Every structure is written in structure tokens, then in C-alpha cells.
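Both complexes shown next keep subunit A, but they swap its partner, so subunit B is in the first and subunit C is in the second.
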Partner chain A sequence: MTAGLARYLDVASRFQARGAASEPAWVKRVRQQGLAQFERQGLPTTRDEAWKYTPVSPIAEGHFAPVEDVGDTAALAARVEALALPGPRWVFVDGRFVPALSSVEGLPRGVTLQPLADALRDDGARLESELGQRALAEAHPFTALNAALLEDGAVLRLARGALSEVPVQLLFLTRGDAPVLASPRVVVVAEEGSEATLVETYASAGGAGPTFTNAVTEVTLGDNASLHHFRLQAEGDAALHVGGLHVRQGRDSRFASHAFALGAALARNEVHVAFAGEGGDATLNGLYVGRDAQHLDQRTALDHAVPRCSSRELYKGVLDDQSRGTFHGLVRVRKDAQRTDARQQNRNLLLSEKAQADARPQLEILADDVKCAHGAAVGRLDAQALFYLRSRGIPRDEAERLLTYAFARELVEAVPAGALRQRVEGLLARKLPGAARGGVTP
Partner chain B sequence: MALLSVRNLHARVGDKDILKGIDLEVAPGEVHAIMGPNGSGKSTLASVLAGRDAYEVTQGEVLLDGKSLLGMAPEARATEGVFLAFQYPVEIPGVGNLHFLRTALNAQRRVRGLEELDAMDFLQLAKEKSKLVQLDQAFMNRSVNEGFSGGEKKRNEIFQMAVLEPRLGILDETDSGLDIDALRTVAGGVNALRSPSRAMVLITHYQRLLDYIVPDKVHVMAAGRIVRSGGRELALELEEKGYGWLGLKDGPGGKGGEARR
Partner chain C sequence: MTTDTLQELTRRPYAAGFVSQVEAETFPPGLDEDVIRALSAKKEEPSFLLDWRLKAFRHWQTMREPTWQAVTYHPIDYQAIRYYSAPRFKPKKDSLDEVDPEILRTYEKLGIPLEEQKRLQNVAVDAVFDSVSVATTFKDKLAKAGVIFCSFSEAVREHPELVRKYLGTVVPHSDNFFAALNSAVFSDGSFVYVPKGVRCPMELSTYFRINAAETGQFERTLIVADEGAYVSYLEGCTAPQRDTNQLHAAVVELVALPGATIKYSTVQNWYPGDAEGKGGIYNFVTKRGIAHEKAKISWTQVETGSAITWKYPSVILKGDDSVGEFYSVALTNNLQQADTGTKMVHIGKNTRSTIVSKGISAGRGQNTYRGLVKVLKSAQDARNYTQCDSLLLGDKCGAHTVPYIEVKNATAQVEHEASTSKIGEDQLFYCRQRGISQEDAVSMIVNGFCRQVFKELPMEFAVEAQKLLGVSLEGSVG
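Right after this comes the complex of A and B.
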């Protein structure tokens, strides 16, 4: 056993030992099974095919641990205001829910948001059958670690036909004052015909030391339900981040994921979508913007298990300095999934000689009556376009910035116009060429 | 004093010499035409004046108002007053035409110590200038040159020149690919921009353009040099007798199809 694994097992065992005796048996079981699965799988290394492009050594070598008490968080109010949009928002600091910074005002009827800790205690009958069903501890070491440390997070429920026009926001802040291990778990259950927008924002606050966020979100979409999911990962320069979004789509349901990976020293963002009913539609958009020595990995898996579903996937990377970005996109079309329509695009823009992009599309098509297309490209700024702009008097850095933004804007404009898009534009502006160096969070 | 002075200019791409000693003096208010067969170096001269870095200047100097342009970045030359209307204007998806042009104008104004124009004032200016070349509003809001026809692209170039008001306009084969109506419109725009303080250099393969924009002087380039200079009548003589009259073949291969366009 490696020293890193032993340390995480020790941290998780201590965490489980301090749990209150009054906690439901099933919750203890989920944690214990998570721990066992984590121990069985161990920390991955780049020798594992699925982790070949993700050097997890900073995670293995760090001394990260969950925080018991977040103490006084009043000083974070201004940071929350800078990051959150008007409307209902829940704020987590170092992985712990902070009611004083949160507000559920404006949640429409039929939409309920509950702290995971409360739901684990009070809603076991329902939650037991939902939690851990989409994100399988046995399939992923970090999902297992998240289960082993299960405590905080959120449960979002959309009743049949419920319609939430205001976005529901979850804001996860980590403070780099201590080597925090944050393991939020979000469970979304959208019943038939419901519609909502969920925004998950990950950002740093306080000190500049390393933190480790290991987040898992599980989404179950009922028949004809619709969810727009936004993930804004803008943690600080020393943060480590592993995020998993696991979605199961019912018949005629619609799911759109907009994943922006802007921050952290090392970040891996996974999106797994399984079609469980015919007529489902999934859009997976992603933009990753790296600079300095950032390492940003995106992994998507679309499981076309049933007929007549469509998926549209567009991931773009902008990589500067010595940063590295990876896109690995699996599209699996099972034997019975006739009339599948799947398209995948990955495009990368390298802004420096040392930046690197790896595009790894992977299509496994077992059905014969399908439309599948994919494309991948890695390129640099167009020298002709750059000269054209400069010949009109636009300085080189501004011209590069214009062209880089032009490359990325398709994904920004996929965000509905309004406060959310402005927030995305603001975070992005801090990352593009010519922006002041330093953290990406306001 | 000449506005533009080119003296003994030599330039090459890789190890291929293309300009082999160009001398050219253009006074304020003048329009000069540079003609010549394909491959004579006309377009290279335009690119070198604008600062395209694919070319290496090995000898000579280029002065604008007595100030050396060589060694200046393209954006600095633009701010000094150089404008190149491209033979092949570049399509730039995702960059709005007006946003681009306002960014350019304000970048130049900043360097000159002038106040930047806000969006409203700029829009007013753009509307007024677009009338010169009858550029439709719809094109102004699209991405730069994206999906524009050949004629629309050339009109967009002249529209940009009208907004940026350069001291020196270099028009590189602005007539190529234009039908007669578009040519008239573009030429009308160029003529409207002639002024006593501004000079223009028209680079063209055909004398047709010079029926609409009447030059003060005509130069003929061949094999990287100016081999003949004269007045307007030189262009007419060339039209009548062809480049062979000067002992020149009509260009070495490559772009040889141009004459049939």
C-alpha cells in the first residue's frame, strides 16, 4: 500500500469513527462501503489507462483532511456576493454547508433544496434508494472516497411538473488556509415534466495554500424532465479538483451540461450520461482554459443504451504557457440503440509553444442504424487573422485576446443571455491573454 | 517633402529575393499606381510596407513623413497612418465587424492621445462612413468578412479606410474579383477619400481600375524593381501593348490564371 493511500484511509477511518451514534445505519453502510471500495481500487496512477493523462500525485502526496468546524465565515459574505447571482443560493465553505451565507428565498413551489446532512437524517426512506445509484463507488476511486466521507452537500427535488425559472445555485468555497478535503455530494431528482437550472460554482477564498475538492453530483431525470446544469470551476492556483457529474435520463428528457474549467492547478471534470428512456436529448458543452502549469482534464461518457436518443457534444480548450488540457470523450452506442444521433467535437487552441492538448475521442458503436460524427483538432491562432487585426492598429496582445475570445465565445453564448452569462464572461476575462496574472476568482 | 519615401528597398522570403531595390517617392495628395505582371513583387511591396513579418527586409529604408517604418510593428505603422487594403481580406469568425473596427480606431486614438469613442459615437461615425461604399448595416454587425462576397469584402476594406482615415492608403489589387458595378462603388469610395494630406498607392494588374481612380503617376514593376515610371498615359500604353512591350513576359507561372479571371 502506498503512503498516500494509507493516509487517505486513515483520514476516512477517523472521519467515520467520529460520526454520531444516532446516524442511520444505511448512511454508515454507504460510508463503510465507500471506504472498502476506495481501498480496493486505491489511488490511481498514470499507469492506469483511465488516468493516463491525469497526474494525481499532488493529490496522493497531499495531507488533506475534512474540516469539522468552519468557524466564523462572516468575512466571506463579500466573496459570496461577487460570485453568486441574485436568487436562491446555498453556500458551502470547505465542504460544509453554511446557512448564514445561504438563502432559499425565491425557490418556486414544487422545488425543494435540503442540506444533505438533514436529508440523510430525515429522508432516509427515499434517499437510500437514490444516493449512490448514478455515481457508483465501485466504478471510480474518487467516487468511493467521496462516499467514504459522505456528510455534506445538497438534495434538490423537483416535483412533477415543477418549473424553476430562477437558477438554483450551489457555491462551494475552499479556503487555502489549511489543506482542506471537501467532499460535497449533490443529489438531484427531477420528476416527470419538471424543469430547472442548477449552477455549481467552485471557487477559492482566503489563503493560497492547496486544497482538494472531490465533488460528486448525481442527477436523475424523469420522463420529459429538463435540467440545465452549469459547472463553473474557478478555484485558486493551488487547488486540486476532481468532479464527477452522473446523469440518468428518462424518456424524452433533456439535459444540458455547460462545464467551464478555469481554475485549479490540477482539475479533472467528468460527465457521465446514460440514456434510460427513448427520445432523450443531451447537450454537453465544455470550455477549459489553462495557463501557467495548469492541468485540466475533461472526461465525458455518453451511454446510448436505448433507441432514438440524440447527443451533441462540443468541448473547446484554450491552453497557454506550459498548461496541458485533455479531452477524452467516449460515446457508446449499444446494440439496441437504433436511430441514435450522436455528434462530438473537440477543438483546442494552443497559445504557446509549451502548451499541450490531447484530444481522445472514443466511439464504440454496436448498432447499425445510427448517425454518429466526431471531430478533433489542435491548432494555433491564425497568423493571417492576427496580421489583419494588427495592420488596423490593434496591438498584438489585444489582437490575440480578440481571436482567443472569438474561439471560445461559442460556448459562452450557449449560456442564456443575462446575469449568468455575464458571470461566465467575467471569470473568463481573467483567464484570457493579456489578463492580469493571479487567481481567477474575483 | 514626400509623404512616403522608399529607398533601395530589398526584401526576401526565406532565401528568395523578391524586392531588388525599389525607389518610390509619393507626395501628399498624390495617387500612384503600381502595375506589373504577376510575380513582379507588387503585392510583396504592399505587405512589406504594412509590416507583414513573412518578409525579411535586407536593405534600404522606408520613411513615412521622414520617420522610419522598418522595425515598427504592424500596429505601430497603422497608428503612424499606414493602411493596407488587402487583396484577400481575412475572414475572422467570432469577431464582430464593428467591434473590431472600434477596437482598432480606439487603439490608434489611445496612442495618439485622443479620447476613445464610445459605442454610440462610433456607431454614428460608422453609419456615416458606410455610405461611402454603400455597405449594408447587416454586414457591419456580422463577423469580420465572414461569408462576405468578394465585392463586399473589398467594400469593407474601403469602409475601414474611411473610418481609420490613414495618411497613406495602400490598395492591393482592390479591383480584383469585382464586377463593374462593385468596381464603380469601390472606386467612388476611394475617390471620396482623396485629400491634399493623404497619399494612396494603388497596386493593380489592370488599367481598368485607373479609368475610375485617375492616378498622378504610374510605375511599372518587374522582377522586383520599378522599370518604368510615367504619367497616366503609361497605363494606357501598357493596356494597348501589354507587358511584352517593356520586354516583360506576363509573369512566371503560379498566378498566371489571373489574366483570365
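Right after this comes the complex of A and C.
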């Protein structure tokens, strides 16, 4: 056993030991099983096919632990104001829900949001059958670790036909004052015909030391339900981040994921979608923007298990300095999933000599009446386009910024216009050279 | 198309499945250092080669069979294989007259009349029967041009300095499990050396035949094209129909020195096993070429046989301005499994590579394209274009695409495109409406799907490949 694994096992065992005796037995069981599964799988290495391009040594070598007490968070109010959009929002600090910074006003009827810590205590009978069903501890070491450290997070329920026009926001802040290990778990259950938008924002606050966020979100979409999911990962330079989004879609349901990976030294962002009913539709969009020595790893898996579902996937990477971007997208079409329509695109723009991109678009097709295509490309800015702009008197730097921004813009435009898109543009502005200095943003 | 015609057509017998009654000298099954020593002694090899074999064997013993490929098969018992089987004849032959007539008849049945080759076709053939090379044609004419084309054993005897200089430089003895095994026990194969500035006057061809039961075939091919030389090389393979699986673990090394061009074409038609997946060849092959400055290596393969195909012909684009190409058609029918693709490793500046892969799955076949395009930091302005298309004929087969793209240089331009589809009803209808039978229509569409690859094959092979494809899957559309 490696020292890193031993340390995490020790941290998790001590965490489990301090749990209150009054906690329900099933919660303890979920944690124990998570720990056992984590121990069995161990920390991944680059010898594992799924982690071939992403060494997790910064995670393995760090001395991270969950906080026991969040303490005074009043100083974070300004930060929350800067990051949050108008409307209902829940704020988590170092993985724990902080009611004082949160506001649930404006949640429409039929939409309920509950802190996971409360739900674990009060809603056992129902939650037991939902938690850990989409994100399987036995299938992923970091999902197992999240289960072993299960404590807080959120449960979002959409009653049948409920319609939430305002986005539900979850804001996760980690404070770099101590090596925090935050393991939030979000459970979303959308009943038949409901519709909502969920925004998860990950950001840093306080000190600049390393933190480790290991987040898991599980989504169950009922028949004809619809969810727009946004994931804005903009943590600080020293942060480490592993995020897993696991979705199961019912008949004729619609799901759209917009994943923006902007922050953290090392970030892995996974999206797994399984179609369980015919006629489902999934859109997976992703933009990763790296600079300095950032390593941004995106993994998506679409499981077309039933006929007549369609999926559209577009992931783009902009990589500057010595940053490295990785994309691994799997589309699996099972035996009986006839009339599947799946398309996947991955495009990478390298802005510097030392930037790196790895792409692994992967198709596994076992049905014959399907339309499946994927494409991947790696390149730099188009020399002709640059020339065109320069010949019209636009300086080279400016031209490069314009073209870079244009490359990324497709994914920004996929965000509905309004406060949310402005927020995304604001976050991008700090990352993309084009938007930051060139004043291109409208 | 009705299921009946589909089944009827996919059940076409394997035409090359007969066994020839040739008296053979074989080793008992099993593998240890003594077997390797005996093999080496039998072939009167110099000591450097024996040492190399033993080094490979010792390394092989520390290795494990790879498990990453998307194929399943019964475990291979390496101790149950005979590592040497040779038709019994006078060891050194001067002309075809000394070759066992039964062997010549075998090649004739397979459509490779060695005798007639002399007169009719401008193709020099090296025929490998079980483990040893039995005949090489057109030697004199080639010798005049300075081209060396002979069996590997002969090369070891006649040109040890060349063998020693290049053997293992592209695929080292420790490369992978099957290559290490081959390095330890390879029995024969072909050797080609084309001297500086020479354009090889004819196509070179090797025909591989596994005949004996319980044997494995482990041949090793080494092709060296010296500066500015050009050579086109073809290989074909067949084996008798048997209920048990046989292992074929070959290694091919290509060395293209500055400015040289090597074109390597394969039509692989090993016995694929019957409709229930019984028998068939396990084809685990390592093929790799190294292209120096301004050199070009082009792989073309048509893979229709074998129960399992595991091969990734690769090009290491070491020199500046070197070019790598890979054109492939892989067909899996019944219970065949193919996991094949290529690796293009861009090291030099201005290196270019093209990959065109066409996978066809029918019956319960599983077809995987697995490829790597790697652009290293040094490969300024590298360019790659990859296209892999899959065609599914039937709802019980599978097509998988697993490309790996690794780019470490911003000036590189790498593109990958893939699609999966079936034969459109509208396409079939169009042909039927014009009086073309269902089978011909399918065959036409499939051939059209593969055209980009077939046009890279030398003419004689292109015709054979088209026929082979017809035999292997006509009418597999449900």
C-alpha cells in the first residue's frame, strides 16, 4: 500500500470514528462500504487506463483532511456576493453547508432543497434508495472516497411537473488556509415532467494554500424531465479538484451539461450519462482553459443503453503556457440501442510551444442501426485568419486574442443569455487573454 | 435482404482450408532454453543470434500477456506449441525442382504457382511453409540489381553483418510479450535489402502458410531500404481448417534510411474459425517501421482472416520530412475479433502521417480500431490526418474506435474523424432498381467503402483483396 493511500484511509477511518452515535445505521454503512471500496481500488496511477494522462501525485502526496468545524465565515460574505447570481443560493464552505451565507428565497413551489446532513438524519427511508445509486463507489476510487467521507451536500427535489425558472445555485468555497478535503455530495431527483436549472460553482476563498475538493453529484431524471446543469470550476491556483457528475435519464428526458474548467492546479471533471428510457436527449458541453502549469482533465461517458436516444457532445480546450488538457470521451451504444444518434467533437487550441493536449474520443458500438460520429483535432490559430486580421491593421496580439475568444465563444453562447452567461463571461475574462485585455466582451 | 440469404452467404466455406500431406520434421511441444538452443543449432546460426534469442527468452519469462486489447480468447498454453516444424527436404536447395512437389501443389492450389511466377508475373515470391522458407523466385534478376531477397535463415548465413546491424533495431527483443516470444523462437521469414539509390525492379512477395497442427508460426521479416531506395513488398497468409487454435506471432521490422520508400502490403487470410468460433488462427503481430530523413513508409493491410487479429503496424517518423501512411481494411465475420490500428510517432520536423481505417463487422464479429498519434516536442509542424469509418452489417456485431492523440508541440495539426453506419436502405434500393442483385449491390457498396484502401494495393493484390472481401461477407446485411 502506498503512503498516500494509507494516509487517506487513516483520515477516513478517523472521520468515521467521530460520527455521532445517533446517526442512522445505513449512513454508517454507506461510509464503511465507501472506505472498503476505496481501499480495494486504491489511488489511481497512470498505469490505469482511465488515468493514463493524469498523474494524481499531488493528491496522493497532500495531507488533506475534512474540517471538523467551519468556524467563523462572516468574512466570506463579500466573496459570496461577488460570485453568486441573484436568486436562491446555497453556500458551502470547506464542504459544509453554511446557512448564514445562504438564501433560499424564491424557490418555486414543488422545488425543495435540503442540506444533505439534515436529509441523512430525517429523510432516511427515501434517501437511502437514492444515494449512491448513480455514482457507484465500486466503479470509481474517488466516488468511493467521497462516500467514505459522506457528511454534507444538498438534496434537490423537483416534484412532478415542477418548474423552476430561476436557477438553483450551489456555491462551494474552499479556504486555502488549511489543507482542506471537501467531499460534497449533491443528490438531484427530478420527477416526471419537471424542469430546472442547477448551477454548481466551485471557487477558493481566504488563503492560497492547497485544498482538495472531491465532489460527487447524482442526478435522476424522471420521464420527460429536463435539467440544465452548469458547473463552473474556478478554484485557485493551488487547488486540486475531482468532480463527478452522474446522470440517469428517463424516457423522453432532456439533460444538458455545461462544464467550464478554469481553475485549480489539477482538475478532473467527469460526466457520466446513462439513458434508461427511450427518446432521451443529452447535450454535453465543455470548455477547459489552462495556463501556467495547470492540468485539466475531462472525462465523459455516454451510455446509450436503450433505443432512440440522441447525444451531442462538444468539448473545447484552450491551452496556454505549460498547461495540459486531456479529453477522454466514451460513447457506448449497447446491443439493442437501435436508432441511436450520437455525435462527439473535441477540439484543442494550443497557444504556446509548451502546452500539451491529449484526446481520446472513443466509440463502442454494438447496434447496427445507428448514426455515430466523433472527431478530434489539435492545432494552433489559423495562420490565414491571423493574416487576414493583421492585413486590416489589427496588431498581432489583438488578433490572436480575438481568434482565441472566437474559438471559445461557441460554448459561452450555449449558455442562455442573462446573468448566468455574464457570470461565465466574467470568469472567462480572467482566463482568456482575448477577453481580459482586448475588451472584446460585448 | 432476407436473413436466409444473409446466412447462406456468410457461411461460405474457407477455400484455403485444406491440409497438405507433407512429411515434416517437428520438435516436440514445449519451450525452454534447450528448445531455443536446438532450434538455433538446427539452423546453424552464429552465436550472436543465439545469445539474442536467449536474452529475449529470459526477458519474455518476466513478462505477462497483455490484457488491454478488446478481444477474448482461450488462454494460450505456450508449452503445448511445437516451436519448429519444417517440411523434410534437402536442406539447401538450388532450384524449385528440389522442393517437395506436394508443397508446390499446395501453393498452386492457393493460386501462387511458384513455377509460373518465373515466366508470367513480375513478382518475386518467397514462400514460407510452416516455419521455414521453401522457395524464393527471381533471385538472379534481383541479384543483378543488387537487391537481396531471401529467407531470413539464408540472410543469417550469407549476410550476417546486415542482419546483426539491423535486427531488433526497430522492434527490440523486449518490446512486448509477443514480440519477445518471437525474438526467442522465430524460425524463418523474409529478408530484404535494397542498396543505395536502387529502385527494386519488381514487387517482392512472401506467402505464409501454416500447415502442421499444434505448431505456431513465428516468422520475422526485416526490410532495409538504403538511402534513396524503393521497394514494394507484399505478404499473404493462409492456414488449414482445424478445430484448435493456432498461434501466429510474427514480427516485421522496416528500416527506411534517408530518402528511401518502403511500401508494405498485407492480405491476411488466416483461417478464421468456423461459424461457431471453433478453431482459427490467433494472430498477434508486431509490425513497425522507422523512417529516417525524407523517408516514407506506407502500410496497407486487408485483414479478413484469423479468429483474433492483434496488430498495429506503426511508423516512427524519426527523420525530418519523413512520411508515414496506414491504410487498413479489417473485416470480422462470425465470431472473429479484430483489434487493430496503428501508431504514428512524430519525432522529426515536418513529419506527416495519414491514417485511413475501414472496419467492417458482420455476424457476431467485433472490430476495434486502436490507434495512437503522438507528436513529440521536437516535431515542429507535424501533420496528421486520421479517418476511421466503421460499417456494421447486422445487429449482433460491434464496432469500436479507440484513438489516442497526444500532442506536445503547438505547431502540430492533428485531425481525427470517425463515423459508424450501416448500408443505407436507399443505397440498396438504388442498386436493386437498376437490376443489380442484392448480393452484388452489397458487395459493390462494401467495395466502395474500402476503395480508398484498395487503391493503395498493388494491382494483383487489389483484385485478390476484393474477391476475398466478397467471399468473406457477401450479403451480410440484415
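Here is the rule we go by: the second predicted complex is superposed on the first by the 433 of 442 C-alpha atoms of A that agree within 3 Å, B and C clash if a C-alpha of one lies under 4 Å from a C-alpha of the other, contacts with A are read in each partner's own complex, and residues count from 1 in each chain.
We take it that a contact is a pair of C-beta atoms (placed from the backbone, for glycine too) under 8 Å apart; a residue touches a chain by one contact, two chains touch by 3 or more.
Quick caveat, the model's predicted, so the values are computed rather than measured.
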Mind checking the superposed model to see whether subunit B and subunit C fit together on subunit A or clash? fit
Applying the document's definition of touch, where does A:A357 land relative to subunit B and subunit C: first, second, both, or neither? second
With both complexes superposed on chain A, which partner does A:C372 reach: first (subunit B), second (subunit C), both or neither? second
When the two structures are overlaid on chain A, which partner does A:F407 contact: first (subunit B), second (subunit C), both, or neither? first
Examine A:L389 and indicate which partner it touches, taking first as subunit B and second as subunit C; both and neither are also allowed. first
Counting touched residues of subunit A, say whether subunit B or subunit C comes out ahead. C
Figure out whether A:F15 sits in contact with subunit B (first) or subunit C (second), or with both, or with neither. neither
With both complexes overlaid on chain A, what's the closest CA-to-CA approach of subunit B to subunit C, in Å? 15
In the complex of these two chains, what residues of subunit C are touching subunit A? 68, 375, 390, 392-422, 478
Quick one: in the complex, what on subunit A touches subunit C? 49, 53, 335, 338, 348, 350-380
Residues on subunit B engaged by subunit A in the complex (per definition of touch): 50-53, 73-75, 77-79, 83-84, 86, 89-90, 92-95, 100-101, 103-105, 107-108, 111, 143-144, 160, 164
In their shared complex, subunit B is touched by residues of subunit A numbered 382, 384-385, 387-396, 398-399, 402-403, 405-407, 409-410
